[in-house]
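One chain, chain A, appears in both complexes that follow, with chain B as partner in the first and chain C in the second.
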Partner chain A sequence: MYLDYAIRRFGIMLLVFALAVSINFALPRLTPGDPVEQQLNQLVSTSSGSVGDVKAIVDSYRARFGLDQPVWRQYFDYWGMVLRFDLGFSLANYPERVSESIAGAMPWTLGLLGMATLISFAIGTLMGGLLAWPRAPRWLGWFAAPFLVLSAIPYFLIGVILLFVGAIVYRVFPAGGGFPFDMTPGFNWATVGGILWHATLPALSIVLAQIGSWAIGMRGMLVSVLGEDYIMLAEAKGLTQRRIFLWYAVRNALLPQITKLALTLGHLVSGAILVEVIFSYPGMGYRLYQAIQSKDFFVIQGIVLVLSISIAVTMFVLDLLYPLIDPRITNKRN
Partner chain B sequence: MSGPVLEVADLSVRYRTPVGPAYAVDGIGFNLMPRERMGLVGESGSGKSTTVLALMRMIRPPGEISAGHVRLEGRDVLALSEEDLRRTRFARMSLVPQGAMSSLNPVLPIGAQFADLFAAHDIDPDDGHVAGLLSRVGLPPAVAARFPHELSGGMKQRVCIALAIALTPAVILADEPTSALDVVVQKQVLATLGRVQQDIGAAIILIGHDMALMAHFVDRIGVMYAGRLVETGPVKTVFRSPTHPYTKLLIGALPSLTARRAFQGIPGVPPSLTERPPGCPFQTRCPIAEARCRIEAPAPRPVGSDHLVACHLVGPA
Partner chain C sequence: MGPSLASLFRGNLPLIAGLSIFAVLAVASIFGPMIVDQSLAQVGAVAPRRPPSALHWFGTDAQGRDVLTVMALAMPQTLKIGLIAGLISLTVGVTLGLVAGFMGGLIDATIRTASDVMMTIPSVAVLVLVAANVRSMSVELMAVIVAGLSWMVAARAIRAQTLSVRERGYVQVARLSGLGGLRLVFVEVLPNLLPYIAASFVIAVGQAMLATIGLEALGLGPQTELTLGMTIFWAQFYGAIIRGMWWWWGPPILALALIFIALLLTSAGMDRVANKRLGGL
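And now, the complex of A and B:
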């Protein structure tokens, strides 16, 4: 029964995947203007020397990228490329492949945003749970208030403030980059330390901005769960407060939080483009920002495709996990 | 026989409200003998469920137990420490909840909800223990592996009954255990409750507003009105010769199988619990109220063998 369910969910994921690839194929072709011509015109207007016969160059580029083929042919070729993880070449840094560019940027984003999101989820959820728990210490409310205020400030603004205070006024943390310039990355503690040192401020700006919203969501859910009859019966049964809090209250209030976490993780890669830009962090967001600035169409297209796929995959994983987390999610169709 | 297993005296519960305290339970007292079945009836808001919560000491703020004594097997429940109270719950006095449909944790299998009960009371049950409990309430052992949403309402209530008898308590409080169930299942579940109660030798307090269902189940009945116990007595006596004006009207309102007549209600509404006018709480709706009833609140007085009525105007003066 679970297998049927998993197969069906997998089918849905494939459908989303196919749609994403098709839309990704169609969108650039629906937009007015020809990227190759634009790129060359830019080249002509900026370079002092002669570029030669623009028309011939355009044609040869078209043939090089397969743009002279009929649309249906291009479509199938595009599928072939996608399935081979071949997303073409970067226009801005020509010999570099889009797939390499993305592969180089992906771990930074996953590391920075993954950690920051998990940390803020863990702290925020626990804090929200305790805020709603009548037996929690009172000082927690005072402690939590600043985070609720911070959640009203956009994360990039917090990023700018942290950058100013932590890297410019006090010069404790680096102002940008993923690791020290003078370091050769390797599998050693110095590298890990350098990476963490550089990740501190960008991660902190995301964590500070998010904790409040996790806490508010969890507090609201926990308050409504505490009104449930099963909490009353648990108390009547003489269970310890700890058991009631963790296994009856938090366990049930957590379910919507986990959905939210999965959605956040799905949008991770695109979630904090501005933070990466502010801290010149070598992740997907910064790469996308650069690509948009330099009209690097294939890189933009590639990153957008990877984003759609990553969301589809997280949703699939969530669908697989959800019945295990909440047994009421039935696998049956009625 | 020994003394009462549960003694309640002058128990009051009030809720703090913006317009002053609301007395949901107002000085009630009764004794429950071992193995006795006592019923508490009354309309919505008369304080039945609040009484049960107060006996378990589970009144949450802004509510509080403002006065009274609750003695369970001689121990003062209201004076127990948090930890002693926790260990007393379900071990000596258990609860069959009102909302059977929603009283089980939806994300834990039934077996786990027995396991944490045993763990909380430091009991290491034998392998077949849960299966044995389930079979006593008429459920197959496979139910232990099920989640609450996989069971019917009647099955969930049976699970709750099995939980309530798991530690062989001396008193079971059953708060409208059948109100969420349909009529056929109601009878079966109540029969099960009665059978296991006799098996383990517990006394039971059954809360309800279905007088007919109550009449078949309990030995003694207490009628509540506006937070007070207006009449208590053996169920046969109270049904045959109701004495308090409220009980008279209540029993008069029961539909009859033999005589065809229009339904009768009791005109008026119960008094506000925050205002508490002096005198008898029933004075505004009472057909025989007189001047004295508006000044002085009546205390329960014996009018017969084991039969108490809180009314100035009835019984031996």
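And now, the complex of A and C:
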């Protein structure tokens, strides 16, 4: 049964992969005009020659894409390029390759999103658990209410307010970037400190917005766990309240939260992308924003492709993992 | 049949609060554009970068527009995108959900796989590609694109409910008495799904607005039209946050926060109604 389930999830991942590549292939070809030449011409007319040798780029792309070839041939060639991770060149920063550009931005996004999600998961889950626990202090409800409200608001709107308060009104935190301008990054504590310092506000805006939604999910889960027989048995055995809460209630309610992580992954990534734009944080989101501003078409395409595929792969891994950690889920799904 | 309108609202504070906020926003959107002098929203109409004053209550932006006027014109546009996109995605979602739940078999499997696949692809990514390829973006086109990527939640919810309603006694009776196909769906099944459809609508509008605002913040929104998201984009583009021009980005952010809080409250309230019909959860 697990095998059936795994095969189905794998099939869905492949479909997502195929769809993402096909959309990337089809969209520029469905719009009238030659996007490469059009974008390049526009770039040349608006900027002062920082583009590089335009004709060489156009020619290299014509040859590369084989635009005179039949469409099915182009489609297969495109697949070949994607599988070799050859996403072409950046138009704005020629001769930088799109894959290099993405590789440089990826760690920042992963770090920011990963840290922020871990922190908010820990705080939010604990908060949600306590909200459903009858013996939790009364003030907790009032304390949690603002977070529930914040969870409704898009991350980057919170980011704008944090940026204004934390970096403009009170000049405590830097207003943008991933590390201090006057610093050469290296493997030392100053670098780590600088990076963390710059990540504080962007991470905080994601954390503040996420805590509430983790808390809501956990609260619902814990309420249903508290109705289970084994909780009653634990009470009857006279175990301490703390032990029942942590080892019987929270532990069993925790696992389904991973399901939620898989379902909201796309939402998390989209949110983080926009936070990066607000804080000029050097990750994929800010790179995408820059590419859109400079009409750097191949970078836009590349980032979109990498985002879709990495989300699909992550979801597949999560999908595979959680029936192993929590066998109840496979039964429920089928 | 069905609960009366009054009993729907009784004791349902989130629903009342959420819908009240929307009522206020709707009134502001209808009468706002009539009251303000619309020419003040044109570039260069007033002295730029002025903080709020008696003359310009919300100050002016870097391009010489009166922020209050911009807000009055942008609010209805943003709500319009949300409503159109929400309606389209709900229609598509409910139709597919009903068909999948009722037909079963291969059709069900196809629709289910399609919605699983679509759910995995980050909608912002596809939106970015589409928007980057379109010559000029308009409010309506944006709504259609956003809707095309957000029908899955409604489809899933309605499919699950259709499966459960389908097996209930009165549907079986109707089926046995010769009612078939479309009539069975529309007369017996659909009315009983109304609470879920209403709840899905609120979620669809919320998702559509979230996707829209994201696109606009990236600079892919309708460049020539005034929306709340585009106002934030221009504010960010001209460095309003760094320059401390809080009166420029503050109002659209507050307005959007209010819309999203109202959506959350309404959704929570709808959830209560929908689950009450299930016998309370």
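In this section, the second predicted complex is superposed on the first by the 267 of 334 C-alpha atoms of A that agree within 3 Å, B and C clash if a C-alpha of one lies under 4 Å from a C-alpha of the other, contacts with A are read in each partner's own complex, and residues count from 1 in each chain.
Heads up, the rule we're going with is that a contact is a pair of C-beta atoms (placed from the backbone, for glycine too) under 8 Å apart; a residue touches a chain by one contact, two chains touch by 3 or more.
Quick caveat: nothing in here was measured; it's all calculated off a predicted structure.
Colleague: Go through the superposed model and pick first if A:Arg251 touches only chain B, second if only chain C, both, or neither.
Modeller: The first partner, chain B, only.
Colleague: Going by the contact rule set out at the top, does A:Met232 touch chain B (first), chain C (second), both, or neither?
Modeller: Only chain B is touched by A:Met232; chain C is not.
Colleague: I'd like to know which partner A:Thr240 touches here: chain B for first, chain C for second, both or neither.
Modeller: First partner only.
Colleague: So in the superposed three-chain picture, is A:Met315 touching just chain B, just chain C, both, or none of them (first/second/both/neither)?
Modeller: second
Colleague: Who wins on chain A residues touched, chain B or chain C?
Modeller: C
Colleague: Tell me, which parts of chain C touch chain A in their complex?
Modeller: Going by the criterion above, the answer is residues 113, 116-117, 119-126, 128-130, 132-135, 210-211, 213-214, 217-220, 232, 236, 241-242, 244, 246, 249, 253, 256-257, 260-261, 263-264.
Colleague: Could you list, by residue number, the parts of chain B that touch chain A in their complex?
Modeller: 56, 58, 60-61, 86-91, 94-95, 97-99, 102-109, 116-117, 119-121, 147, 149, 160, 163
Colleague: Mind pulling up the chain A residues that touch chain B in the complex?
Modeller: These residues of chain A touch chain B: 134, 228-230, 232-240, 243, 247-248, 251-252, 255, 325-328.
Colleague: Would you mind writing out the residues of chain A in touch with chain C in their complex?
Modeller: Chain A residues touching chain C: 11-13, 15-16, 19-20, 23-24, 27-28, 30-31, 35, 149, 151-154, 156-157, 160-161, 163-164, 168-169, 175, 263, 266, 269-270, 273-274, 277-278, 288-289, 292-293, 295, 297, 300-301, 303-304, 307-308, 311-312, 315.
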